[in-house]
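Let me give you the structure first, and then I'll get to my questions.
We just call them A, B and C in the order they show up, numbering each chain from 1.
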Amino acid sequence: MSDIVPFVVFTLQAAVRAGTPLLFAVLGDILTERSGVMNLGIEGLMLVGAISGFVASYSTGNLFLAIVVAMLAGAALGLVHAFFTISLRVNQIVSGLAITMLGTGISGLWGKGYVGVVAQRFTPMRIPLLSDIPYIGTIFFNHSLLVYISYICVPLLWLFVYKTKYGMTLRAVGEAPEAADSRGINVFAVRYFYTVLGCSITAIGGAYLSLAYNSMWIENMTAGRGWIAIALVLFATWDPVKALFGAYLFGGVTALGFRLQAIGADIPTDFLRMLPYLLTVVVLIFTSTEKLRLRVGAPATLGIPYSREEKT
Amino acid sequence: MLEMKDIAKSFPGVKAVDDVSFVLKSGEVHTLLGENGAGKTTLMNILFGIYRQDSGEILIDGKHVKISSPHNAIAHGIGMVQQHFTLVPSFTVAENTVLGLRELGVFPRTGRVERRIRELGDTYGLKVDPDARAWTLSVGEKQRVEILKILYTGAKILILDEPTAVLVPHETRALFDALRKMKEADTSVVFISHKLDEVMQISDRITVLRKGLAVDTVDKKATTKAALAKMMVGRDLLVDVPRTDVETGSKILEVKNLRVNDDRGLTAVNDISFTVRAGEVLGIAGVEGNGQRELAECIYGMRKPLNGKVFIDGQDITRTPVRKRVQLGLSFIPQDRKGMAISPNLSVEENLFAKNYATQSVPSHPLLSNRTGVSTASRKLVRDFSIVTPSEKTRAKYLSGGNIQKVVLARELSSSPKAVIAAQPTRGLDVGAMEFVYKTLLEQKKKGAAVLLLAGDLDELFRLADRVAVIYGGKLVGYASPDSSNREKIGLMMSGASGAGDEA
Amino acid sequence: MPVLSILFALFVMGIFLTVFFMEPGRGIRFALSRTLEAYGEMLSWPFGNLYGFYETLNKMIPLAFVGLGLCIAYRMRIWNIGGEGQLYMGAFAATWGALFLFNDLQSPLLMACLVISMGAVFGAIWGLIPAVMKAFAKTDEIVVTLMLNYVAIFWVDYLVYGRWRDPAGFGFPLTAEYPAAARLPRIFDGNVQIGLVFVVVLAVFLEYVYRRTSWGQKSALIGDNIQAAIYAGVNIKLFTILALLASGAIAGAGGAVQMMGAQHRLQPGFSPGYGYTAIIIAWLGKLNPIGVVVVAILFGGLLVGNEQLQMFYRVPIALVYVFQGLVLFSLLGGEAISRYRIRFHKRGDE
């Protein structure tokens, strides 16, 4: 059984790789949902992020620009969602699904000419010293730049949400908008801002797929990751640090599937692909009590548009 | 220092405030007195930037100001404690206090904030733990936090919307002490109320509003309760409904050793037992949040008890679902009118017959509803209970509070129930609607129903109840006879001072 | 307002199309005229031509089935996003029945009853899982139904790529064709599948349920104010479970009817997202059964029109999604704006 250790190490490394797009999507959606806006458009946003980042990289060769373009594209769709759900107070579920449709369509249409094309991409970079740590180095410190950025994003967002005044404002708006309003916080502006910001971060998750994970554009390449991300936000109880574990856990399940297949285990691939979804369902059973929601400061108004007139 | 000139504001269908002028001097307690619906809250919401006036202007220290939002109002040194508290449940007291303040650093340091809250609390006698999470606080504590929030900003004008409605007498006294201290510190207070005793205790000047119009502004020293009452209502105050004594009959509603949890899983009702007989009104006095809601919901069947039994007419209904209890003749007038008693987007008719599937008061087959029967019956109920509505097809939410309550009464009482649970049935109603509620409940008593009345307002209990039990911390702490001479004693029991009651 | 909304969507879509038709060396005028030509094709065939309209009706059937099922849940504010999965489970169960369990059955009527019931049962099971989780563990039904969509799709994939693959199918991922007894008759000279009748009957039945039965009354109570419903003595857990069961059963039956009436074999991706489009249809139909059918016809026509574009103008299928998204947003926007207008109007009146 001497090959069990490398097997585990490579699976874990793959878990981080496969978990990163989820992580970006979840982090983005945590911001959006914390402000009280539900977003079922993640899948579409990731696809638009993937294609726009890819096109930008292909035409300019500049990866930094590619990420900026992906974020802008995500922000643009996020703005549509924000306008419909916050200003027009359209049902957030319906609007989110429409965003997914629109995003899927736009990415497919736009990506028509980019199938099979090669663009500048993120390559793995070893971090000196850290990557020499046995096992840990291979698992965590031999990845592309975007993975390292996601490492930094997690504690930063955690600090932002729980320790800064902006985070306080954000949480208050999602949990008790009338309280925030009475303190002179512009609930609409806050929701707009975090919906757009969240969507742009989510789009990075898509760009990671086309610029690092698969390193090419494939139509519908997100393959349902957006929906898992939505479940993970619940699983992580809107906490960026728990999101990290959740994303890697699910990345790990995906990676394990591929690994098992690679070593010739006799399990149908479709069952392995089902696994993350089934796991989500099971996990959710244990994370939905009222007391927990109060303790973690769940955005109590998730899905409910705010209107000052109706409150009074 | 503050002047509101010719303020007017209309809502669909009503002129809420009609050319009202209002002057607030520095360091005074100025009461806005009026019935529910007189426009007091609307006027202050305009001052606090929640509504924009249709016409009129606001001056502070002689300068014109435009108050477009609460933020703006805070910047002008105005703070308001709403009737519905606005705290973020998962935040601590300190976090709630500083939320949204400009002075806050990027990384708020709560240590300093907590110290300042303690200082303020000591100065004004408003003690509260700055580190406690808001969802764990009692109603009285929440109110203190709301006031501290405003004092923390250094506001010079404090608006309190019916602050005493949720307080027991000794808490009210503490609040008034705090207000007096604020006065000394040159803070002006606008005190919204319709309780004359309190108004006479605390005010310097009083502006009376009626139906959106300012009747007059008077000096407290130059007026009397009777004069104020006349201005407020436009006629003499509530005629004392004579308490008819009805021969009480057999035990109808019986509760034994009931123990119930609240939504958070904490014990809310702790070992409560009582009986109500036919033709009797048992009043349960208590400050909101002492287990009344859970007690009522448990008797009615919406909440499972951990322990104990409920009987109606000798029959054990502890495990019976709501539908069956309704069929057995149990009625419930919930405290949360819009949140529970009615479905706001459904029609008056649908609300009147929401329980018809169980009561069959108009026979209707589950697979083919009796539309004509229901319409006829609902028109009759609208007439009998004099519900003011454009039609019985109007959505319930468009009705006034009093008429919504009449819809509830019509549904709950028209079927001649055996037992009625009435929770805060007159909260927020104007005098006319209040009288209607009293009259209807007393009629039920005369018809031989057992009535359980949960209320915080002692006057209401004295007017209706045959016996009064006091609830505190989920326990019945004692009984008293409904007599004004017992006011102080009941007040003490409501605040948890034990051993004051008679045994019943 | 809806007409204006659709015109607006067509206008925006026109921009996309024009860009798509742009060819180097030819002016914008060429692209514009191609766009107009394409629009003519896209609208006249599904709505202006009898045979095109038959196609529209055929496309509308699965959409309406799922949409009607979803209404039941949405009226109680239970957010079943699992129409797609329930449709797939129905199709799977129908195939199981038609090809493996009852394949020797000769009576078409008995076959239809058995196979459609199987579809309904498996669709219902797919609704029961989130229902039980919601009723007893307060789990969020949106996420659970979403996840189950994928489980169902992968399950069907597994079968058609593996155990159920037709040996005579040249290696394509398809099952064998249904036996003749498991094919539903067609109406309008064989141009429309009989599912149309089922849809109409179902819609009328649901209208009656909502207008005249105590189920309708109670679900209105739950939908408007759940506290008031509990207070009125409605058993919320029971209704949650029943609503999702019924919702799933109708979608599952829809899957079975689609198999027996149109597809006659199970294949991956037989649904181009009917289950998701149906969510939007249910919403735009204001959760009224008849309204849902009307909106479903509109969206069926859109699908047919887009197929025309794909065939004759080689427009990629992704454009369908773009167009659907656009139509949706403009309809939603139009509705929201007219809602505001009414409110202002009212305020002005009084």
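Basically, a contact is a pair of C-beta atoms (placed from the backbone, for glycine too) under 8 Å apart; a residue touches a chain by one contact, two chains touch by 3 or more.
These figures come from a predicted structure and were not determined experimentally.
The set of chains in contact with chain A as well as chain C comprises B.
Relative to the C-alpha centre of chain C, the farthest chain centre belongs to B.
Mean C-alpha position of chain A lies 28 Å from that of chain C.
The centroid of the Cα atoms in chain A and the matching centroid in chain B are 45 Å apart. Averaging C-alpha coordinates per chain places the centre of chain B 48 Å away from that of chain C. Residues of chain A in contact with at least two other chains: 290. Remark: chain B residues 45, 50-51, 69-75, 80, 82, 84, 86-91, 95-96, 98-101, 104-108, 135, 149, 263-265 touch chain A in the complex. The touching residues of chain C, when paired with chain A in their complex, are 16, 20, 79, 81, 129, 133, 137-140, 142-144, 146-151, 154-155, 157-158, 161-162, 273, 276, 279-280, 283, 316-326, 328-329, 332-333, 335-337.
Contact residues of chain A toward chain C in the complex are 40, 80, 84, 88-91, 93-95, 97-109, 111-112, 219, 224, 227-228, 230-231, 234, 268, 270-271, 273-274, 277-278, 280-281, 284-285, 288-290. Residues 12-13, 300-302, 321-323, 325-326, 332, 334, 336, 339-346, 350, 354-355, 357-358, 364, 366-369, 371 of chain B touch chain C in their complex.
Of all the residues in chain C, the ones that touch chain B in their complex are 211-215, 217-218, 220-221, 224-225, 227-233, 235, 346-347, 350.
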